[in-house]
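Before anything else, here is the set of structures, which you'll find just below.
Shared chain: chain A. Partners: chain B in the first complex, chain C in the second.
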Partner chain A sequence: MIRVELIQMLRRPRTWITIAALNVLPLVVAILLSVTELGPRPGTGPPFLAAVLSDGSLYPLAAMGIVLPLFLPIAVAVVGGDAIAGEAQTGTLRYLLVRPVRRGHLLIAKLVSVVAFVLLAVVAVAVAGLVEGQLLLGRTQVGGVVSISGTDLDTQALVQRSLLAVAYVTLSMLGVAAVALFFSTLTDSAIAAALGTVGVLIASTVLLGLDAAESLRPFLPTRYWLSFVDLFRDPIRWTEVVRGVLTQASYLVVFLAAAWASFATKDVKS
Partner chain B sequence: MTSPLRWLLVVVVAAAVLSPVLVPRVLPAAAADVSAPALADRVRSSADVGWSGQVSTVGTLAVPDVDSFGGVADLLGESSDLRVWWRDAEHWRVDKTSSSGESDLARRGDRAATWSFESRRATTTRYSSVRLPDTSDVLPATLARRMLSGAKDADLSRLPAKRVEGHSSAGLRLVPSDARTTISRVDLWADEKTGVATRVEVYAGGRLPVLTTTAAHLDLARPSAEDAGFSFADAVDVRQSYALDDAAGANAFAPFVPPDRVAGLRRTGDLDGAVGVYGRGTTALLAIPLRRDIAREAFAQLEESPAAKRDDDGISLAVGPVSVRLEGAGRGVFLLTGTVTPDTLDRAGEDLGSVRFRPGRGESR
Partner chain C sequence: MIRTHGLTKRFGRVRAVDDVDLDVREGDVYGFLGANGSGKTTTVRMLLGLVLATSGDIEVLGRRMPRSARDVLPSVGALIEGPGAYPHLSGRANLATVDAAGPGRRAGRRRVAETLEQVGLDPADRRPVRAYSLGMRQRLGLASALLRRPPLLMLDEPTNGLDPQGIREMRDLLVTLNREGTTIFLSSHLLAEIEQMCTRVGVLDRGRLVVQDELTTLTGPTGLVRVVTTEPARAVQVLSSAGHRDVRPEGETVLVPGRSAEVNETLVRAGVPVAEVGPQRRSLEDVVLEATDPGVFRGAGAA
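Moving on, here comes the complex of A and B:
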């Protein structure tokens, strides 16, 4: 069933259109930076963007930082929200469940499909960022890449940490995928499920900026999204990365369980 | 399995997932039976206790963004996330981190290094104890030591112990009796055994603290010299700076000898420098000589604040517990600032009239 869902995801034009759309903004930013040579002021802008003018090899990370706060979660919310509700909306869910499959297995297959989409999207953004960085932005300075802490970062370390960052960004979307999947089991409208997920993320972002909500911060799904930046400090700040992974794993477990509880007893009419 | 059972299982799963985070928060802190003066002594003598961790600070003061203040406006008016490796008072590193980069400050003996990722600027310079407040001053341990410096035993009392980011900490309250200070009270919590402060709250009369600093992921083992030091990549252009900041530069090069006492506060710190550091603990002020051009800029910047008060001798401004005054004294212009009342700062300004000129030093300034 997982294979069927993966093939279906890869064959959908929507998958590739979404991935292409995700890459538009990083491309536009790279072109603008290349033409104007105006980076963001220190302390502002997405991660690494201030550094890419002098070192284009960091642009894959900057590109991930550009899409991570908004565009990637929206894409995941749309794809995840469509997982069950989309089938119900088009009237195929009833036929899907006619086959001898457990509803829990169907949920897992849908989740794997969403995660595969996220991985594909993140890798596409990183690879496109690498090409754009090399072609449009600054070359690596003599002496190699500089870590955020000002120390040397050799090519091997840069590649390893970049791969870790891709994995971390993918993991960061697990919570979004699980929430979207849960909403998808509650409604027959894919757009409603996606909007519900986006609403959760907006609420999380608002609470994150509120000092009064300090005690809630460790539990917010968006809290550790940008902690992939910590992989490029010296020494690496693992505390935030590990917390980010645990937070996403927690959302995954709880909302997947909730999706299962909702879907297992759902009265499928369409 | 019935629907209610399934949802009950979801609730159990959620509780199990949350418990590792919630349980340490609700666990009672270990009771501490140490007296307030004894705990204060431990905090004061914790400068050479090694530790590492993360520190978050929340400042609520709208300090005017005067160039001469360096990063003080950010330190006291914004939230900061810091990474700290503290080997001892002379060997430490504090990184101010953000999602877009980091700014580092490290000290190794009499040398200091700074690094800014976003501007790719690295500097090394001679460390100066007389300088503007920086990130190392808002660490709970450093701030607690500073606040308790010179505090009278009668001003101290114990607060209930509590867990600060999971770390059991003994509580202490300082209510300064000196009428010259603007700080109404300081609440702090510290590791009972080592005296390393885990949280400090500074109040200036209001219900809420004007500055809060909290340590998390506290590790009370001495960090390695490698982690606490600084080593720049070959690609980084490291520059030598003449001084750590404007105050350190003025202290080293300005041609003045400040008086031994102003507003009844005795001069402390570097007695050979041109910057006057007066008082200690919660009642402290700095008198920094400014170059004429910088003084003009500072005057214009202070004047932009609606709360600024101009008089014949200078201009004054009070921002929460921080009072600021720009005053002409002798052949120079001094920026006075500190956690003292505006009246105290006025008197300090008058007393600065006895500042002496030191010929042959920094006359090109």
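Moving on, here comes the complex of A and C:
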């Protein structure tokens, strides 16, 4: 079932259209920066963006920073919300279940396919960022890239840390994916499931900016999203990265369990 | 092949299916008849484990459902409330995808092509299902049910969206399959469809199974002789004086207990013109109307 689901995901035009759409904004930003040479002042704007004018090899990270807070989670909400509800809408859910595919297997296969989609999207954004950085923005300076802490990173270290960042960004989407999957089992409308997930994310973002919600902050799914920046400090600051992974893992466990509980005993009437 | 005992499904306070004891035997073409909303689809979904029963037992192919779903369902082909297909894939790719999702050996490319041809679709058609007509989708749904040559078919409203020609092809196909040993459980709200194909009939009325019997028994002779004559009044008089009791005139027809030949002889001897004479048979429509709430099936016979 997992294999079938992955092939289905790769075969859908939607997958590729979404990934292409995700890459539009970083491309526009790269073009604007290269034409105007007006970068944000250091310390403002999306992470790394201040540095890319002089050093294009950091642009993959800047591009991830651009899509991560909004576009990527929306894409995950749409794909995840479609997982079960979309099958219900096309009428294929009942045929999969009587084939028979176990309900638990179907959920896992859907989760794996959403995660694979996120990985594909993040890698696409990073690779596109790399190309854009090389073509449009500053070339790597002799002596390697400067880390956020001010020390030099050689190419090998940069590649390693970039791969870590890709992995971390992918993991950051696990929580969204699980919430979307849960909503997807509750309704037969893929749009409703996606919007519900986006609603949760907006709520989390609003609470994050509210001082009165201080005590809730560590538990919000969006809290540690941008902590992948810490992977480029020297030495790497792991605290928030680890917390971020643990937060996502908790959301994954709770909402996947909820999804299973709601789906395993559900009357499939679609 | 299918047995249920006390099968009941409640949605809130509504009993959608109420204490149903189905008995579908091997080799049957079982017609499951009921008006829209009578609980047919809910019953079919419970048999397949999609909807969970509130109470009661289900046995399909000799195994308990939904507990043995993994063992039972690979041997069941189903078409449930219309076909379902991925709109961006071709018919062929749709069949292959759903087939690959389940357990067991895959049906090969040849089997997929063969099944598509069997239901009247072109295996070389590469258009996505999005471009299919309703009738083509229905055929694809049937192909999906037939793909693994299951010994039991459960078809819910299989002729939906088909034109008269398509309905006829579907009927011929199902009759052939049944002759080759496939048991068919067919649900429909169309009396004519059931009457033309089925060997056994179950009638569901507001969630309750009100009739379940062989079609030939249900529509067998009633023991009355039906006479059509231009002089019904005189026919009644002649038959009564000849010793027949309970002679009932109904317009130009007269119903009388007895045997056709005797009744005919009596009338002809007395010079009563006889246009038609023969044993009265009940139609399936009569059976259904008698067993169900009048009005529920209004119009269904004509449809």
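Rule of thumb we're sticking to: the second predicted complex is superposed on the first by the 270 of 270 C-alpha atoms of A that agree within 3 Å, B and C clash if a C-alpha of one lies under 4 Å from a C-alpha of the other, contacts with A are read in each partner's own complex, and residues count from 1 in each chain.
Everything that follows uses one rule, which is that contacts are C-beta pairs under 8 Å (C-beta built on N, C-alpha and C of every residue); 3 or more make two chains touch, one makes a residue touch a chain.
Everything numeric here is computed off the predicted structure, so don't read it as measured data.
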| item | value |
| --- | --- |
| Partner chain in contact with A:Thr92 - chain B first, chain C second, else both or neither | second |
| Touched partner set for A:Val35, first chain B, second chain C, both or neither | neither |
| Partner chain(s) touched by A:Leu153 [first = chain B, second = chain C, both, neither] | first |
| Which of chain B and chain C A:Val4 touches, first, second, both or neither | second |
| Chain B versus chain C as contact partner of A:Pro218, first or second or both or neither | first |
| Broader residue contact with chain A after superposition on the shared chain, chain B or chain C | B |
| Chain B versus chain C as contact partner of A:Trp260, first or second or both or neither | first |
| Partner chain in contact with A:Val101 - chain B first, chain C second, else both or neither | second |
| Shared chain A contacts, counted only where both chain B and chain C touch the same residue | 265 |
| Chain B partner contacts - residues on chain A that touch it in the complex | 40, 42-51, 54, 65, 141-153, 211, 218-219, 226, 229-230, 233, 235, 237, 239, 250, 253-254, 257-258, 260-261, 264-265 |
| Chain C to chain A touching residues, read off their complex | 45, 48-52, 69-70, 73-74, 76, 78, 80-89, 97-103, 144 |
| Interfacial residue positions of chain B with respect to chain A in the complex | 1, 3, 6-7, 9-10, 13-14, 17-18, 21, 54, 58, 79, 83, 95, 97-102, 104, 115-120, 122, 217, 227, 230-236 |
| Chain C-facing residues of chain A, complex | 1, 3-4, 7-8, 11-13, 90-102, 265, 267-269 |
